[in-house]
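In what follows, structures are represented as C-alpha cells.
First chain A sits with chain B, and in the next complex the same chain sits with chain C.
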Partner chain A sequence: MLGIRFDKVMPVLTGASLLSIWTLDFVNLQPNRILPGVGYSLQDAVGWWSMIIVTTLLISAFLLSFSRLSLRRWLQLFIVTLLLVLMPISLSSFAQNHIPETLTHARTGLGSAFWLVFFLLVLMLIELQQKLELSRSIYCFIFSFPLISTVFIYLMGGLDTLAILREYGARSDQFHQAVHIHIALVGGAVITSILLAACLVAMMRKSTTAQKIIFPLLNFIQTIPSLALFGLLIAPLGYIASKSEWLQAMNVSGIGWAPAMIALIAYSLLPMVRNTFVALEEVSESVIEAAKGMGMSPAQVFIQVRLPLAMPVILEGIRITTIQAIGLTAVAALIGAGGLGNFIFQGLGQAAMDMVLLGALPILLLAIIADLFFSSVMTFFNQHTKQSGATKS
Partner chain B sequence: MGKQETIARIWGIPLLWLSCLIIATFSFPYFEEIFRQIEPNQRQVIYSRDSFFTLLLNHLSLVGIAATISILLGVSSAIFVTRPFGKDFLPLVSQIASMGQTFPPIAVLALSVPLLGFGALPTILALSLYGLLPIVRNTLAGIQGVDAAVIESARGMGMSSFQVLRQVELPLASTVILSGIRTSVTINIATAAIGSTIGASTLGDPVISGLVNGNTAYVIQGAILIGLLALSTDSLLDRLQLRLSARR
Partner chain C sequence: MNLNTMIELQNISKYYDQVSAVDSIDLKINKGEFCVLVGTSGCGKSTTLRMINRLIPHSAGKILIEDQEINSFNEQTLRRRIGYAIQNTGLFPHWSVEKNIGTVPRLLKWPEKRIQERVIELLELLNLPYAEFAHKYPSELSGGQAQRVGVARALAGDPDILLMDEPFGALDPITRESLQNELLRIQQQIHKTIVFVTHDMDEALKLANHIVVMDQGKIIQQASPYELLLNPASDFVSQLLGGEDRGLKQAGLMRVGEYMVVASSTHINDLDIKNLDIKNVETNKLATKPLASVSTHDSLRFALSVMLWHQCELLTVVDDQQQPVGYISLQQIMQAKPHG
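Showing the complex of A and B:
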C-alpha cells in the first residue's frame, strides 16, 4: 500500500442507498384508505431514465470517495443535495404517471426505500458537514434547497395524493386544534416549571436541608414512568374535583388537561432545577469576588455576573425540558389531554397508519424545531458573553 | 453481623422496592374491597385478563431482550468507532447518538408500527433502537475519557490492543457505560408500558384497558406495578453503579 487511505463512511452510505433503491419498494399506491397498497420500485414509479440518473449520481458519489480531488467532498455535498431536491419531484411524477384523475381517493404511501434513502442522505449531509467543518448557516442554506423544492412541488399540487396529506385534508381542523393544544400544554408546563424551579433553586441556595429534600424527591418523580404517573393522578384528582365546584368550573377532573399539566410540570422540574442549581453554583468564586471588589451590591452581582454566566447551562435545562415535554404530552393523550398524541392512539386503535404518521411526524418535527431553536439561542448567548467578556477585559 | 449490616445498607432500598413489587403483584386480588371503594359501579375491579405476574414477566422480558440487544450493539459499535479501522465513522456515530435523543420515544414507538405491524416485535425494535443511543454516547464518552498516558503505558508494558481494550479501557469506562445502561433501561421500562397500545402484552395493559373502559381501579393497579418496577430497577442499577465506582 502507498499509505493512502480513503474515508469509508461515504462509500458505505452511498452503497446502502444504491442497494435499497434497487431492492426495496420506493412508494406504494392505495386505491383508497382501506384497500391494501401495491408496491412500486423506483424504476416502476418514475421510469428507467430517472432510475439511471439516480444510480449514476449515487455511483459518482461512491467513486468520488476514492478520488484525490480536493473538491471531492464539495462535489459529494452537491450530489446529496441534488438527490434530496429530486425526492419530492419523484413523488409528483409518480402521481402524474400512475394515478388517474378518476381515483380521487388514491393515496401514495412512502415505501421503505424512500424512507431509507432519505435517512441515508441526511446521514451523508451530517457526515459531510462534520468532515468539511461547515458552519451552521451554510448548513441551513444547503438544507433550504430540498425544503424549497418540497414546498414548491406541494404548492403545485404534486404531493396532493400523498397519504399523510390526504389524511391531513380529511381532518385539518382537528389537526390544527391538536397542534395548538400540544403547544399550549408544552408551553404552559415549561413556563410554569421555569418559575417553580426558580423558587426551588432559591430555597436550595439558602439551605442545604432543602437540597437534601428536593433533589431526591424530583429524582423519584423522574423515575416513575409517564403512563404510571398519569394513571396515579386520575383517582386523587377526580376525587378532589368532585368535592370542589370551583375546580369543576375550571374543567378540572381526573382526566383531561389537569392531570396532564401536573405530571408534565413534575417531570419538567428535575432537569430545570438541576441545571439551574448546578449552573449558579459553578460560577467561579474568583469572578464573584472580583465583582464584589468593584463595589457591586449582592443583587447586582447576581443579575449582572452570576446569572449571565450560568445562562448557557440554564438554557440547556430549558431545552431538555421542552423536548421531554413534547414527547410526554403525546402520552398524555391517553388520559384525554388531547394534542397530537390523539392521532397516534386513535390511528393505532383503527390500524390507520397514515393517521399514526399524522401524529408522530409532527411530534418529531416539533422536537427537532425546539432543539434547533434552543441550540441556536445557546450559540448566540455563548458568542455574546464571550464578546462582552472580551471587550470588558 | 457487620457484613449483614453493610448488605442491608447497600442493597436495602432496592430490596425494599423489589419486595413491594412482588407483594403488590400477588396481593392485588386480596384488596378487592379497597378497589371497590374506588369503582363502586364496576362489576369487576381486579384486572384479570392476564395475571399480574404474567404481565410483569412479559414486561421484564421485553425490556430484557431490548436491553441485551442495545448493550451488545451499543458497546460494540462504540468500540468499533474508537478503533483505528473504524475511526472514520466516529464523528457520524457520535452526532447520531446525541441527535437521536431529540426524538421522543413515543414517536419512535409509533413509527415502528407501519414498518413492522402490531405486537411485541415492533416494541422490541423501538426499545432497542432508542435504548442504543444513551449506551453508545456513554460508552464513547467513557472510552474517550481514558487518559491517553494510561493507554500509552499499557502499550509500553507490551499489551496487545485487544488487551488494552479488555483490561484498561473498558474497566476504566465501566461506570460511565453503566450509567448509560441505566438511562436506557429506565426509558425502556416506561416506553414498554406504552407498548401495550401497539399490541405488546405488558404492565401497561391494565392501565390502557382501564382508561378505555373507564375503570380507574385497573389503571391504579397497572400504574402501581409499573412505578414499582421502575423504582426497583433504577435503585438496583444505582447501587451497582455505586459499587462499581467504589471498587476503583
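Showing the complex of A and C:
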C-alpha cells in the first residue's frame, strides 16, 4: 500500500447513496391530499437515462476515493455539487412526465431515497470541505449552486406539485403569520433573557450568596419538562391576568403568548447566565491585573478588557439559547402561542405529514440560519482572543 | 526630606485577617535607583511592590512618592504615572502590539500622532522593528518578544517609576539573560526609578544597585550588591547568596575592564611578563602566553572560567572592536577587591 491511506468516509457515503436510489422510493404521487400515494423509484420517476447518469456519477465519486489523483477531492466536490443541483431538476421533470394538468390536486411527496440521498450529499459536502480545508466563503459559493437551481426551478413552476408547497399554497397567510410569531417569540425571549442574564450575572459577580441561589434555581428550571412548565404557568397567569385590566389590555392570559414567553425566558436563562458568568470569571487574572496596574478605571477594565475577552463564550451562550428557543417555541403552540408549531401539531392530528413538514422544515432552517449567523460573529471575535499565546516560544 | 528620594515606605504593614504579610517595613528608594526586592516566595516582596501602585491597599504606615502620600492621589492617576510589568506579561490578547503599548498614553489622552511616535520609539528601544511587530498580536510572539512588549508598554506613558514583578521569571535562561542585559542598557539611557521583584539572587546581583532582602514580611538587609556579598547580615542572607558560591557571584559583579593591566596593542603579542608573577607561572608549567581573550565588559567570573577551560593563567583583553587593549592574569583576579 506504500503507506497511502484511502478515505473511508466518502466510499461509505457514496455506497449508501447508491444503495438507496436502487432500492428505495425516490418520490411518491398522491392524487389528492387524502388518498394514499404511489411510490416511484428514480428510474420510474425520471427515466432510465437519469438512473444511469446518477449511478455513474456516484460510482466515479466512489472510485475516486481510491485513486491517487491530486485533484480527486475537487472532482468529488464537483460531482456532489452537480448531484445537488440535479435534485430539484429531477422533481420538476417528474411532475412534467407523471402529473397530467387535469389532476389539479395531485401532489408529489419526497420519498425516502430523496431524503437519504440529500442528507448523504450534504454529509459528503461537509466531509470534503474539511478535507480540502475550504474557507467559509468558498463553501458558501458552492452551496449557492444547488440553491440557485432550486430557486430557478421553483420560479419556473417546476416544484408547484410538491406536497409541501401545495400545503403552503393552501395556507400561505397562516404560514407567514406563524413565521412572524415564531421569530417574535424567539427574539423577544432571547433579548429579554440577555438583559435579565446581564442583571443576574452582575449580582452574582458582586455576591457569592447570589451565586449560591441563582445557579441551583436555574438548574432546577431546566429540569422541568417544557410541556409541564407551559402547563404549570396557565393557572397562576390566568389568575393574575383576571385581576389586572392592564394585563388584559396586553392580551395576557393563562394561555397564549405570555406563558410561552415566560417559559422560553426561564429556559434561556441557564445557558445564558452560565456562559456569561463563566466567561467573565475566566479572563486571565494577569491580564486584569495588568489592566488595573496601567491605571484603567473599573469601567474601562470591564469594557475594554474583560468583556471583549469573554465575548466568544458569551456569544456561544446566546447561540445555544437562540437555537434552543427556536425549537422550544414549536412546543409553545400547544398552549395557544401560535408559531410554526401549529402546523406540526395540526399535521400530526390530521396524519398529514406534509403539513408537519411545513412547520418542521422552516424551524430547522431558522435554527441553521441562527447557527450560521452566530458562528460567523464568533469567528470574528475569536481571531485574537487566544489567551495562551504569551507562553509560546 | 531628601530631594533625591523617589519612593519612601514608612512603617508599612499589610495584614490579611490579622496575619501580617508585610510587617512594618521602612524603605527609601532614590531617584534613578535600580532597587531589587529579593526573597523566597511568600516573603512579602510582591505585596510590597503592589502596595506602591495601590493594587493592594496598605494596612498601616505611609507610602510617599516624591514626598506625597499615595492615598492623596486618585488611584488611576497614580497608576498611570507608574509603569507596571508583570511575570506573564499580562498583554491584552485581543489588541495588537501597537495598541497594547499605547494603552497608558491613550488613558492619558495623548494625541494620536504622539502615541504612534512613542510606540515607534519604544519598539526601537527594545529592538523590535516597528514594521514587523506593530501589527502582530500577543499570540504571535515568542515569550521573550512578548515580555519586551510588556516592558515597552510599561514605559509608554514615560513614567518616573517602573515596577516590575518577576518580569523574566517565566523565560528560559538564555532569553532571560539577554533581556536582563537589555534592561540594563535601557536603564542607562532612561534613568528611571525601578523597583524590581525577583526570587533569583543572581538576577538581583546583576541588575540592582540597591538590593533589599526580605523574609517573612520583614526587611532582613538592604545594601549594594558588593556590600551584600561582603557582609551578609545573617545566615539566611548568605544562604540566599549561595554560601561558599558567593566568591564566584562576587567575581560575577566585577568587570574585566576595571582590573586588567592596560597595554598598547603592539606589546601584547610579545608581552612583557615582568609585570607578572613569573615564578608562579613557571612552576605551574602553564602557558605563559595568553591563549584566549575576554572582553572588557566580561566579568571576572567569566574570565576565570575561560582560564579554567584553556588551562592558562593569562588572557588578552579586547575592546568592542576586538582590538587587544590589555591583559589580565589569574593573580590579578585573586587579588581583585571589589570597589563598589
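To be clear about the criterion, the second predicted complex is superposed on the first by the 378 of 393 C-alpha atoms of A that agree within 3 Å, B and C clash if a C-alpha of one lies under 4 Å from a C-alpha of the other, contacts with A are read in each partner's own complex, and residues count from 1 in each chain.
The working rule: a contact is a pair of C-beta atoms (placed from the backbone, for glycine too) under 8 Å apart; a residue touches a chain by one contact, two chains touch by 3 or more.
Since this is a predicted model, take the numbers as computed values, not measurements.
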Scan A:305 for contacts with chain B and chain C and give back first, second, both or neither.
-> second
Should A:294 be classified as contacting the first partner (chain B), the second (chain C), both, or neither?
-> second
For A:123, select first, second, both or neither according to whether it touches chain B, chain C, the two together, or no partner.
-> first
Mind working out whether A:286 is in touch with chain B, chain C, both or neither, as first, second, both or neither?
-> second
Does the superposition put A:100 against chain B (first), chain C (second), both, or neither?
-> neither
When the two structures are laid over each other on chain A, which of chain B and chain C touches more residues of chain A?
-> B
Kindly classify A:36 by the partners it touches after superposition: chain B alone (first), chain C alone (second), both, or neither?
-> neither
Both chain B and chain C touch chain A; at which residues?
-> none
Interface with chain A, chain C side, in the complex: residues 53, 55, 75-81, 84, 86-95, 103-104, 107, 137-144, 146, 153, 163, 170, 172, 175
Residues of chain A that touch chain B when the two form their complex | 7-9, 112, 123, 126-127, 130-131, 220, 223-232, 234-235, 238, 254-255, 323, 326-328, 330-331, 334-335, 341, 344-345, 348, 351, 353, 356-357, 359-361, 363-364, 367-368, 371
Of chain A, residues touching chain C in the complex = 284, 286-287, 289-297, 300, 304-305, 308-309, 384-393
Using the touch rule from the top, collect the residues of chain B that touch chain A in their complex.
-> 38, 88-89, 91-92, 95-96, 99, 102-107, 110-111, 113-115, 118, 186, 189-190, 193-194, 197-198, 204, 207-208, 210-211, 216, 219-220, 222-224, 226-227, 230-231, 234
